[in-house]
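What follows is a structure written as C-alpha cells; I'll ask about it next.
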Amino acid sequence: MIQSTRPAQYGFAERWLPRLVLAPSFLLSLVFIYGFVVWNGYLSFTASSLLPRYEWVGFHQYARLFANDRWWVAVFNLFKFGVLFIGISMLVGIFLAILLDQKIRFEGFIRTVYLYPMALSFIVTGTAWKWMLNPGLGLEKLMHDWGWTSFTFDWLVNPDMSIYTVVIAAIWQSSGFVMALFLAGLRGIDDSIIKAAQIDGATLPRIYWKIILPAMRPVFFSTLMILAHIAIKSFDLVVALTGGGPGFSSDVPATYMYAMAFTRGEMGLGSASAMMMLLSVSAVIVPYLYSELRRGSR
Amino acid sequence: MANNNKWARILVYAVLIYAVIYYLLPLYVMITTSVKTTEEIRTGNLLSLPMHITLDAWRKAWGTACTGVQCTGLSLYFWNSVRMVFPAVIISTTMGAINGYILSKWKFYGSEIVFAMLMYGLYIPFQVLLLPMAQTEGYLGIAGTTPGLIFVHVVCGIASTTLFFRNYYVGIPDELINAARLDGAGFWRIFFRVVLPMSLPIVMVTFIWQFTQIWNDFLFGLVFSSGDSQPITVGLNNMANTSTSVKEYNVDMAGAIIAALPTIFVYVVAGKYFVRGLAAGAVKG
Amino acid sequence: MAMPALPAARYPNSELEKKMGALAIKNVTKSFGDTHILKGIDIEIDDGQFLILVGPSGCGKSTLMNIIAGLEGPTTGEVHIGGRVVNNISPKDRDIAMVFQSYALYPTMNVRQNIAFGLETRKVPKKEQDEVIQRVAKMLQMDHLLDRKPGQLSGGQRQRVAMGRALARDPILFLFDEPLSNLDAKLRVEMRTEIKQLHQRLKTTMVYVTHDQIEAMTLGDRIAVMKDGIIQQFGSPQEIYERPSNLFVASFIGSPSMNFIDCHLAEQNGQIGVSLQTDSDARFLPLPNGQRLAGRVGQEVILGVRPEQLDVAHSDDNVAAISIKVNLTEPTGPDTMIFTKINGKEVVARVHPRDAKGPGETMRLALDMSKVVLFDPKTELRLE
C-alpha cells in the first residue's frame, strides 16, 4: 500500500542516484543522532565522571539519580512549569484567536504584535524579564512609585516561587504563537457551518463552544505537542532568567543534565538524566508518530 | 440588541488592545532602559520615559562590556553568530531540499524508513546528544570552533528542513514529474528545472525558520563553542550574568536588543514566511 | 500533413519497421502485495490505431497506461512498443509522448518553454526547436499563447498546450490519460473532435484512457473495456456495442444503459423464445434462430435490449410487439425516453417524440429481436 506511489526506476542513475544522494543525511542521522543516543545510553551505565570511563556499573547511575533531591526538584519543576505554561498559553492563545476572528480592524498589525516574541531568543526574553521582575528596581519599584508601597515581588529570589517567573516569561513568549495556530485553524472552518448554526438560532458563544472548538481538535492536539516539546527542552529561559536558582530551586531536567555533565563532572549522572528525558519524550512521541505516519501513508 | 452588540465589540477591542500593550510592554521597557543612565534607572522606574537619551549603554554593550573575564562587548559574539548562521542555514536548507525531493518524488524501497528515522530525530531531546557529540568533536579536532558548531546545527537541522521540503513537495503533482521524465529529464534536471523554480515559498520558510532557530540557539552554543567562537546568545547570557558590583541593566537591555535585532528584522520583513514556518513546525509537533 | 522528422534515427531493422508504432501488451500483471491491480492483460494493436482503455475508476486502466509509459513497472509480463520489448527501457527512451489528466504543465515556464523543455533535453538544435514550436502552435492555433504562463491560461488552453507539448515530440506512440475530464461539457465535445481530427491527420498510434463510454465510442478504433484488473472485452466500438461479451460491458457501454429483463427460455409451437409480461399485456416473443438455445429451454436468462431496440410498433401484425403502460417520459429533444415495466423490471425505450404517449397511457412497442442479446444470469456471459 505504501509502495503504490513509488515510481519505476531505470538504469543505474535513476535507481541509485536517489539513494546515493540521500545517503549522507541518512548516515549523519544514523551516526550522530541514533549512534549518539546509544552511546549516551552506554555512558549512563558506566562510572564516567569528569571523563568518560567505560567501566560497566549497571544501573548505579540511575540509582544515584533517583536518590538525588536536586533531580526530583527538577522533575517537579518541569511538571509545574509544563502544566501552567501549556495550560495558560493555550487559554490565552485560544481566547485571543477567537477575539481576533471577529473581523477586527488592524488585525494584521495586532497579529504581528502578538507573535513577535516568538522571533526572540529565550535568552533575550530571559534577560528582559529578569530586569522587569527584579525585586529592587523592577515591577516592585514601579508599584511603589504608583503608591502601592506594601507591594512586594520577590519571586525571582524566592526559592519557592522562582520557577513561576519562568512560567510568566514563557507564556509571554509563546501565547501569541498559540493564537496564530488557532487563528489559522479558525479560518479553515467552513463559513457555511456557522451560518447554518446562526439560522438555527444558536448564539455566538454557543456556536464556538459546540461547533467550532470541537472542530479544532487537530489544532489543539498539535499545539499541545509543540508546547510540550518546548517545555521539555526548556533550558535557555531558565538559565537566562534564574540560572536554576536560587540554589537549585528552579532547576529543570535540561539544566540539571547540563550541570551534571559539564560543570559538576558527573558525566554518568548527566547521561542517565538525559536518558530519562529521552524516555519520557518517547513515551508520548512514539505512539503519536506511529499514528501520524500510518495516517500519512494511507 | 444592536446596542448590546456595540458594547460587545468595544469590549472585544478593549481586550485586544490590552493584550497589545501586554506584548509590547517588555519591548518598551527594553528600549527605554537601554537609553537611560544607570543613575536614572535607579531613580526612575520601569515605565518612566528616559530624561536624557544616551547611547552609552549601547556603545558599552557592543564594544566594552565584560562577558566573564574579557571585556570586549558583544560585537565579537555577534560576528561569530553571523559567521555561523549563514553556512549552517545554507547547508541544512540545501540538504533538506534535496532530501525532501527524494522522499516525495523518488521513493525507493526503504525510503519511508529513512523518513521515519528523520522524523523521530526531530523529537529527541538534544541533551542525549551533548556528551557523545562533545567527545566526537574533540576527536575530530573541531571542538570549540565555528565549523564544529555549524556541524552540530546542520546535523540537528536536517530533520526539520527535510520535513518542510518533503511536505511541500508532496503537494506537487506526481504527473509533473512524470511529464518531465517523458520529456527526457533525469533526477537532477527535474530538480533544477522543474521542482526548484517552484520552491521559492518553501525555501523562504525554511531559510527563515532555520535562521531564527540557529541564531537563537543557546544550548549548542554553550556546549560546543568556546572563547572566540561563542555565539551572541552565549555572549549576552555571560554579560547579563557577570557578577559585577553594579548591575548595569541598561547595558543588558541594549545587549538583548542587539541579540534580538536580526531575528526581529527577519520577522518584520518576512513575517508571512516566519508564521508559515511556525505553522509548518507545528505540524511536526 | 508533412511533419519534419526529428533527428532521432529509428530502428533501421526492416523486420521491426513493419510493426513500428504498434503496441503489444503480453500477459501483464501488477500487484502490490496481496492487492492485484492488473490480472493478466493482453492487448495488441496495429500501427496507427486508436486504442481506448475504458472502465470505471479503480479498474486498473491508469495503472496499465503508466506501465505502457514506463512510469510504473509491471509485476510480470511484457510491453512491446514498435516491436521491441520496453520493460527495461526508461520512459524517456520509449519514444512516446503523454498528455496528462491535470495537463502537468511546468508552472514556472511559459508555453514556449513548456514545449521546448523536452526538445532541449533531447538536445535538439535551437533553430529546429523554434520550427517545431511554430508548427505545433499553428496546428493547435495557440500562437498567441506562447509567451504566457500556464497560470494565465484557461482550462481549455492548458489542455491545448499539453497536447502541443506531446505533439512537438513527434513520437511513435501517444498516450492520453483522461485528457478531457477536467473540462466543461461543451469544451469536452469540441476537444474530442479535435483529438479525432488530429489522429486522422497524424496517423500515429494512440492510447487513450477514459472512464467516459461516449469518448470511448466516438474516438476508438479498438476499445478495451476493463473492470477489476481484467479486460472484459477487446474489440471495435461496434462489436462492443452490439455483441457485449458480458453483462458488465453491456451495461457500461451505451447511454441510457441497456435494459436487462429477467425471463425464462421457453418453447412454443416449435419456436424458442421468451415470455414477457407488462401491466397491460403478456406475450411470447420468439427468437430468430433460437434453435441454438434448444438445450437451455426452461432455464432463466437475462434478455438485453438497448433502448433504441424498443421502438413503437407501426404495424399490428408484428410478432415481437407488446403493449405497455407508460410510467414516465423524459424528452431529450431528438428522442423521448419512455419508462415502463416488463417482467417487473424498469425498462427504457427510445422513441421518436411524435410517437410518445403520456404517463398512464398504453402504447405498443416492438422489440428488434434480431439485435437483442441473451445473458446467462449465473456466469453473466452473453449466450452465443
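Order of writing sets the labels: A, B and C. Residues in every chain begin at 1.
To be clear about the criterion, a residue touches a chain if its C-beta (ideal position, glycine included) is under 8 Å from a C-beta of that chain, and two chains touch if they have at least 3 such contacts.
Keep in mind that what you see is a predicted model, and the values were worked out from it rather than measured.
Asker: Would you identify the shape of the chain contact graph, picking one of line, ring, star, complete or other?
Answerer: Topology of the interface graph: complete, with all chain pairs in contact.
Asker: Between A-B and B-C, which chain pair shares more contacting C-beta pairs?
Answerer: Contact tally favours A-B.
Asker: I'd like the Å distance between the centres of subunit B and subunit C, where a centre is the mean of that chain's Cα atoms.
Answerer: Each chain reduced to its C-alpha mean, subunit B and subunit C end up 57 Å apart.
Asker: What whole-Å value do you get for the distance between subunit A and subunit B if each is reduced to the mean of its CA atoms?
Answerer: Subunit A and subunit B have C-alpha centres separated by 15 Å.
Asker: Where in subunit B do residues touch two or more of the other chains?
Answerer: Correct list: 178, 181, 186.
Asker: Can you tell me which residues of subunit C touch two or more of the remaining chains?
Answerer: Expected reply: 71, 90-91.
Asker: Which subunit A residues touch at least two other chains?
Answerer: As it turns out, subunit A has residues touching two or more other chains at 3, 7, 14.
Asker: Touching residues of subunit A toward subunit C in the complex: what are they?
Answerer: 1, 3-4, 7-8, 10-11, 14
Asker: Which positions of subunit C touch subunit B when the two form their complex?
Answerer: 66, 69, 71, 90-92, 96-98, 100-102, 104-109, 117-118, 121-122, 165, 169
Asker: For the complex, give me every residue of subunit B touching subunit C.
Answerer: Checking each residue of subunit B against subunit C gives 173, 175-176, 178-186, 189, 193-194, 197-198.
Asker: If we count contacts the way the header does, which residues on subunit B are in touch with subunit A in the complex?
Answerer: Within the complex, subunit B touches subunit A at residues 9, 12-13, 15-16, 19-20, 22-24, 26-27, 29-30, 33, 41-42, 45-48, 95, 98-99, 102-103, 105-109, 111-112, 114, 116-121, 123-133, 135-136, 154-156, 158-159, 162, 174, 177-178, 181, 186-188, 212, 215-219, 222-223, 233, 236-237, 240-241, 249, 252-253, 255-256, 259-260, 263-264, 266-268, 271, 274-275, 278-279, 281-283, 285.
Asker: Note which residues of subunit A are touching subunit B in the complex, please.
Answerer: Touching subunit B from subunit A are residues 2-3, 5-7, 9, 13-15, 17-19, 21-22, 24-26, 28-30, 32-37, 39-40, 43, 52, 96, 99-100, 102, 104, 110, 112-132, 134, 137-139, 141-142, 145, 172, 176-177, 180-181, 184, 222-223, 225-226, 229, 232-233, 235-236, 239-240, 243, 253-254, 257-258, 261-262, 267, 270-271, 273-275, 277-278, 281-282, 285-286, 288-289, 293, 297.
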